[in-house]
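My structure is below; once you've seen it, I'll send some questions.
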Amino acid sequence: MKKILKYVIVDIIQNKIVLIYTFLLLLISLSVFNLESNAAKGLLSLLNIILILVPLISIIFSTIYIYNSSEFIELLVSQPVKRKSIWLSLFGGLAASLSLAFFIGAGIPILLYHADATGITMILTGLFLTVIFVSIAMLAAGITRDKAKGIGLSILLWLYFSLIFDALVLFFLFQFQDYPLERAMVFFSFLNPIDLGRVQILLQMDISALMGYTGAIFREFFGNQVGVVLSFFGLFIWIAIPLFISLKKFSKKDL
Amino acid sequence: MIVTKNITKTFGKLKALNDISVSFNKGECIALLGPNGCGKTTLIKSILGMVVPDKGSIEFNGRTINREWLYRSQVGYMPQIGRYPENMTIANVIEMMKDIRKDSKVHLDEDLIQSFDLGALMNKKMHTLSGGTRQKVSACLAFLFNPDVLILDEPTAGLDPVSSEKLKDKILLEKEKGKLILITSHVLSELDDLITEVFYMQDGRLMFYKKLSELKADTGEEKLSKAIAKIMVA
Amino acid sequence: MKKVLYLILISYFAVFSADAKVIKVGKTRSVAFIQRAVDLSQNGDTILVDPGLYKEKNIIIQKSITLKGINYPVLDGENKYAIISIKAKNATVEGFKLQHTGRSEIKDLGAIMIYDSYKVSALNNILEDTNFGIYVQNSKRCTIEDNSITAYGKDEVQSGNGIHCWRSDSLIIIGNKIKGHRDGLYFEFVKNSLIWRNVSAQNVRYGIHFMFSNRNTYVGNIFERNEAGVAVMYSNNIHMYNNHFLNNWGDAAYGILLKDITDSDISGNHFTKNTVALHMEGCSRIKLYKNIFNNNGWAVKIQASCDKNDFNRNNFIGNTFDIGTNGSLVLNTFTGNYWDKYEGYDLFKDNIGDVPFHPVSMYSMIIDSNPAALMLFRSLIVSLLDKTEKILPGVTPENLRDNKPVMRPISL
């Protein structure tokens, strides 16, 4: 397992895309912090990067990488290694290298310019989203044999999580405007890792506005320790479940 | 050594393997023969655990291979088309395989690397290699760990006659050590000196599995190719 | 001539020395009770009280005397009584610790009650666990200075106000610290008064609450973490300068709620981390300039019932929403403010943005009608909606805009 992981990581690092991604993030982070008049505003601009770009790059790169590793997978499957190790190594390699890229590209600038609770929540959320979308990519690549279809599926999944889901929730909110929807909103936010991460950041950034939220349920739920623990547990589940399903698929896959 | 019991595998509508039960033993050198798409490669891949059969079971040294992986350290596999991580060099690939199989504590058999003269190409990236050179790499990897079982899928396809001959010599050498060798090939003529048994499949079914000598006796032919041709016509 | 002067001097000293008697009160002295000393005193006398615990029920002062504690003697109301009641001219209460006033459904009981008085001062006292702290009624020119007033009120019904003023004129209220009451400062029908450098924090209801109190000036006060922030209503000619409104969180908590306030000035105030920093309804002709709105949920919520208010040279920084409103009617002006959300450009380099800024975001209007939607804030769909609205305004009031937004924060 360790050995395979090593080869995956070396391979990904040799792959220039992750380096370019790191550099791009670094460029964006440094420029938003330097160009914006205050660091808080820079952080706000970075928020969009974290909620949109990070999942996109993570899921697309991972999907393509998994398809491009088919030779590697084939080679290893006939060798005395567990399939589970191969798959988990791929996941581990992708998650580790993309997380590292995110941490260097966005995490360090945030720590330099805005090392408070908001900044740290943002880094944590970014790291979680990176790993979650690697995990979702594993699933997308695991259930489709065709590369084009697989990439299409992952783009669709990204679109769903970053846009369509929220649009549906918004639609729902307006349809059922007259009902108390706070509980439903708590529930909904667990159905989308991006929302779950976003809520954590909202709690830091817009706490004043959230405190005025008429239904206190959201505040009570997410505002205390249990809520925070539950949210991060939710994010963890979002890593585990797609990975677990893809692992099941892969252990029965014909190569 | 390898026993399959009623294994069946379908891909969509195609029945690639239909109720195959067979037992391959130590010291045998078996030719897996049959027309294109008859399920040879599927059978091989099933034995390697790369394809999971729908039904039936496969045993290796008396233990079922379902979800097992360690038995593969006793198997050397040379695929029909060797596919390797494109931006690794030959040396990288060989090093990686050594690294991964290191704990099998066997004497490394690097004869083929030398006889194929791969040393000079060690730093070439896989995507720059010709088909033949890839085959050589595949062959080297299959023999490298001195396995008890060799599974060779079209081993000589794409190799030049000299290399082909070298590979055959190597196979003979290993056969004499009493290993189990499974070979598929379309070039029947080159199998004559190698094999001891013939395993013939058609449309996913086992047609027959007998000793080469028996087959020759039955058909009255001296050459394997002739004998097979006779069967196919019949 | 010389003789006359001498006579005047003599008579002056005679009067003065007659007034300037000092009565000392203490457990070991001939006068052991404060009330007794008060009864013995005459106008102009000073009563000095030794340290110790005094349980004297309600001390009543109706003379022009100075009652002064040495090292904060403790006056205890035993949870039953008001502690000191004053109905006088020129009286002073200074340097006491007053604790445990009574509570009553019928009567307002407080630590220092000032009725129908003139020029009465309450200075440098410590009030603890009081129902009402300092209670002023029908009085003029009273001074309440440097008192520390702490209660432990749990709900609005059970507790009184820290400094409660009713029907009074020309009061001076300086440097008091008020905590844990219903309303920290309460004024009703109070005119021409100065409220300066007070800290009113963590009160059960409002930090300051006034109604029908015209021509008052509030300078340099701090209102922090009050359950409902600050509420001021039905008054005119209010001047509020350099106050801080901090951390007032809740669904009905405002940095400051202005209701029916007219002809007033609000300047140099800091509004930080409030759910709604400034809520205005039915307000007219208020000049708001050089205020700083920082990290609030909503910096300003201005109802359509407001008119002719002018926002000029304010800084809006890091607020979730800058302006919220409930209608399309806009009769107020916004000019030359700094908005950190402004994305326009300044080609002339005159520090004035070349395109107007619309401080009302579409999503703030959505949230106004559907609060649960706040949870989708900062999501991609919401950003897209807001951007679309910026290009094609449909929901937000078109004429609520700042035509001359400045590019850099105004240094204040």
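Labels for the chains are A, B and C, by order of writing; each one numbers its residues from 1.
Everything that follows uses one rule, which is that contacts are C-beta pairs under 8 Å (C-beta built on N, C-alpha and C of every residue); 3 or more make two chains touch, one makes a residue touch a chain.
These are the chains along with the protein names UniProt gives them: A = Cu-processing system permease protein; B = Cu-processing system ATP-binding protein; C = Nitrous oxidase accessory protein.
These numbers come from a predicted model, not from an experiment.
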Farthest chain relative to chain C (centres taken as mean CA coordinates): B
Contact pairs, highest-scoring chain pair: A-C
Per-chain Cα centre nearest the global Cα centre, belonging to chain: A
Chain centre separation (chain A, chain B; CA means) in Å: 43
CA centroid of chain B to CA centroid of chain C, Å: 90
Cα-centroid distance, chain A relative to chain C, in whole angstrom: 48
Residue numbers on chain A that touch chain C, as the complex places them: 37-38, 40-41, 47-48, 51-52, 162-163, 166-167, 169-170, 173-174, 177, 181-182, 185, 189, 194-195, 198-199, 201-202, 205-216, 218
Contact footprint of chain A on chain C as seen in their complex: 249-251, 253, 273-276, 295-298, 317-318, 320-321, 340, 369-384, 408-409
Interfacial residue positions of chain A with respect to chain B in the complex: 3-4, 7, 11, 14-15, 68-72, 74-83, 251-255
Residue ranges of chain B touching chain A (in the complex, touch as defined): 9, 11, 45, 48-52, 67, 69-73, 75, 77, 79, 83-88, 93, 96-97, 99-101, 104
